[in-house]
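As structure tokens, the structure follows; a few thoughts come after it.
Think of it as A, B and C in the order they're written, each chain with its own count starting at 1.
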Amino acid sequence: MNARGRAALWRDGFVGRRLRGFDVDEFTLSGMRLLAVATSGIAILIVSYLLVGSLPALQAVGATRFLTDRAWHPTQGEFSLVPMLLGTLWVTVGAVFLASPFALASAILGRFFIRGFLARIFRRMLETLAGIPSVVFGLWGLTVLVPRIADFAPPGQSVLAGILVLSLMILPTIALLADSALGAVPEAQLRAGAAAGLSRWAIVRGLALPAARSGIGVGIVLGAGRALGETMAIVMVMGNVVQIPTSVFDPARTLTANIALEMAYASSAHRSALFVSGLVLALLTIVLVWVSDRLGQDYRGEQGAAYGV
Amino acid sequence: MGRCPCSRLPLRVSFEMTLNAPSFSAPRMGRCRKFGFAAALFACVLVLSACSPERPEADALLILTGSSTVAPAAAELASRFEKSHPGIRIDVQSGGSSRGIADARNGLASIGMVSRALKADESDLHVVTIARDGVALIVHESNPVDALKREEVIALYRGEVDVWSLFGGSAKRPVVVHKADGRATLEVFLAYFGLDPREVIADVIVGENEQAIKTVSGNPNAVAYVSIGSASVNIANGAPIKLLSIDGVTASLATLREGRYPISRPLNLVLKDPPRGLAAEFIAFVRSEAARDVFDALSFVQVAQ
Amino acid sequence: MAFSLLPSRWHESPWRWRMIAIPRDAGAHLLIWTAALIVCAAFVAVLYDVVREGGALLSLDFVIQPTADLGRAGGIGPILVSTGMILLVCLLAVLPLGLGCAIWLSEFREDHGVSGRFVRRSLDVLAGLPSIVFGLFGYTFFCQALGLGFSILSGGLTLACMVLPVFIRAVEVALRAVPHELRAASAALGFSKTARIHRFVLPAAVPGVVVGVILGIGRALAETAALLFTSGYVTRMPESFSDSGRALSVHVYELAMNVPGGDAVAYASALVLVIFLIGINMLATALVQHWQRRKGWVTA
């Protein structure tokens, strides 16, 4: 295809599919495909980087010992990751369950219950919350939240503090995505609901929420991802003791905190064991996503809705 | 660096591409330009990423990486050194002692900063000790306990103490703050008290010294061990903590300098080869009298030449 | 509403607008308002502490002066510049990659097969990795393997890897929410798929794309660990993209965790970060509104 042909394509804004043997859609498709491949390439690159980093430990120690050892003393040759795996699970699940209802309520409020100036302020607040550095949340948690908890359940640095701080951090992610999904519900549907005499809440519950379900689901999965990967704030408020927490007032360590706390001084085998922490975290993410996917599929099957994930 | 010729060039080139591209005819300019602009930006990023900075000449740039404990001091020393040596640049990067070792080994940094004694498998590196940092126990200001004996500390960290009143404190349970595995302060602390890491029973585990100090500030029953440097600067700034004396020796910069205070760690600079040129000059400056007040301000004891 | 003390067709009666009548779903309203107010209260609590601790230090000088005495004195001028440059690199990398990937994921389903699922899974894994892993990866890949050294470029690209999943998912939500009628109608007019996406679907999805950008910027500005290892720690004014430069969040972390007596400045820097963020978000929203108005895309 010559330069004039290309110019003509640009000028027409690619309205027609073919021009002088050049298939615009094929071109777009291959371009987008390339970008998608590049994106997942990054993921593959990072995971294989983790694999390469953890290989020495996996070879020297063996994969099973990371689950069967009695404790985590990498400098003494004990490598159990189980307490940290459970700590991560506890705090992530707790934060997602705590944050989701609040986030959803915020999104509904901002979309359907307030409007104009107030709604803009509310939205701006959520956006700002999304960008406060985790170290600020950590500092705030350590100096404000932890002493309050310590008043009735010392030492205060606990799974509960972690859940509270994490909820605050993932809330804007879930809320903003839910808000964007709710905003995309066709207005005609809502008006039809109103015309049918439905109350505001009935419209929200019966029409808007089901229509926005998939977007809300994506928000929750992303929020869970952020909760899994959060480090700095967790290190500061969760106490980081390697133990299986028996109550929410016990301190616990997450896999991310493990990496952040020990990477700075770790050498050789210890460092490699920390890479295994990262790898386990990646596996955990895959499992969690798979589970949430299955749950979502069952739910969607019930509702008979078309959903593309 | 700043000498990489392509770091600024592509921006200009892509911009011109966007403006002068002949295929964008006037009426549709808006839409086409957008598309073209996106493409140009992408190209620009690609070119920028492909542009690898030239290795800076060894005699004008010095890169230090490593320990977050040494980094603040090094950054301050570097900016002073730059002032007295125009045209020289010293970049200080943080990221932990093990990074300092790795970067010094593979040549990514000219000098690595390490806030612990070097291990046996690190003997290939050339070491210069620039300062010593004491490790002391701290408690909350309101805690009546002022001094602890060796056995008392050991009992505390083995989880054998249920109430502070055993040592003359309140009837509350002590909250034992410990450090994460591998930390330098942990290693010297355990070594001095002869504790095995596996027998320590902690309530809270922290990373940085500042985190330990913040934990103790917020908890009247907590006890932690931290760098004397961090603790004294924080006390001067009004943090509600105090240093405990161990076996009758007060923990302070003075006793550490006199060599009476027993628990301390070295702050080291490591190099792949014996220092030469700019690196040697900088190290000489760090160990000179002119650099002393920087260490004093952070309550480290300078190890002079 | 299965159970109600009110007459069965109360909601149709003229009395329901009177103050004495309890609306049928007062409970739901109450819950939503309470939850949202709790969120506001938590936000105010965090922000109040940041303002109380750091507000006193805030001044124009603080924003433009270079740092001194490890950040405890002077200002944060060079750090703001570095932060802006890192953000720019990050956005320049994320926007084309992310948009392309999201469009492929939601508009080219017929091309997927197993790979669509695979790309989604890999994004989910990426979203759940701790930032320090990105930091170490960026340090090995961008700084060492690609030879970019400790530079704003490495930092921005590392951040881009981190921000991508959030951005792509947000754009995907937005694209999926575009009504199918729009696609069908434009297809019926004989537009090529490219033109359909470019002229109808994307413009309709722009508000959602902005949510993605805002979430991405938020995550990027809040990031510490990934930048500590890549763009670095140097507080000098950066001269080019290949210089090392300290980001604002790294500065906050450093002052709070490593520099004794740096708390007040840490809070002040955090406050600047928050203001910076609000500014960028407002700018993004305003730009989109302007654009929508010009295109006549404003609804409601």
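Throughout what follows, a residue touches a chain if its C-beta (ideal position, glycine included) is under 8 Å from a C-beta of that chain, and two chains touch if they have at least 3 such contacts.
Remember, predicted model here, so these are calculated numbers, not experimental data.
Distance between Cα centroids is largest for the pairing of chain A with B. By C-beta contact pairs, the most connected chain pair is A-C.
The mean-CA centres of chain A and chain C are about 13 angstrom from one another, to the nearest whole unit.
With centres set at the average Cα position, the gap from chain B to chain C is 30 Å. Distance from the chain A centre to the chain B centre is 30 Å, each centre being the mean of its Cα atoms. Those residues of chain B in touch with two or more other chains are numbered 35, 68, 95, 99, 211. In chain C, 96, 198, 256-257 are the positions where the chain touches two or more neighbouring chains simultaneously.
Chain A has residues 13, 139, 143, 260, 263 in contact with two or more other chains. Contacts from chain B toward chain A in the complex involve residues 22-25, 28, 31-32, 35, 67-68, 95-99, 101, 116, 119, 121-122, 173, 175, 180-184, 196-198, 202-207, 211, 214-215, 217-219, 221-222. Within the complex, the chain C residues that touch chain B are 69-70, 89, 92-93, 95-96, 143-144, 146-151, 153, 157, 198, 228-229, 232-236, 239-244, 254, 256-261.
Put simply, chain A touches chain B in their complex at residues 3, 6-7, 10-11, 13, 71-76, 78, 139, 142-143, 146-147, 150, 154-157, 235-236, 239-242, 251, 253, 260-268, 270-271. Taken together, the chain C residues at the contact with chain A in this complex read 1, 11-12, 23-25, 28-29, 31-33, 35-36, 38-40, 42-43, 45-47, 49-50, 96-101, 103-109, 111, 115, 118-134, 136-137, 140-141, 161, 164-166, 168-170, 172-174, 176-179, 190-195, 197-199, 207-208, 211, 214-215, 217-219, 221-225, 248-249, 252-253, 256-257, 263, 266-267, 270, 273-274, 277-278, 281-282, 299-300. Of all residues in chain B, only 1-2, 4, 7-8, 35, 38-39, 41-42, 44-45, 48-49, 51-53, 63, 65, 68-69, 71-72, 75-76, 89, 91-95, 99, 106, 108, 208, 210-211, 229-230, 233-234, 236-237, 298 touch chain C in the complex they form.
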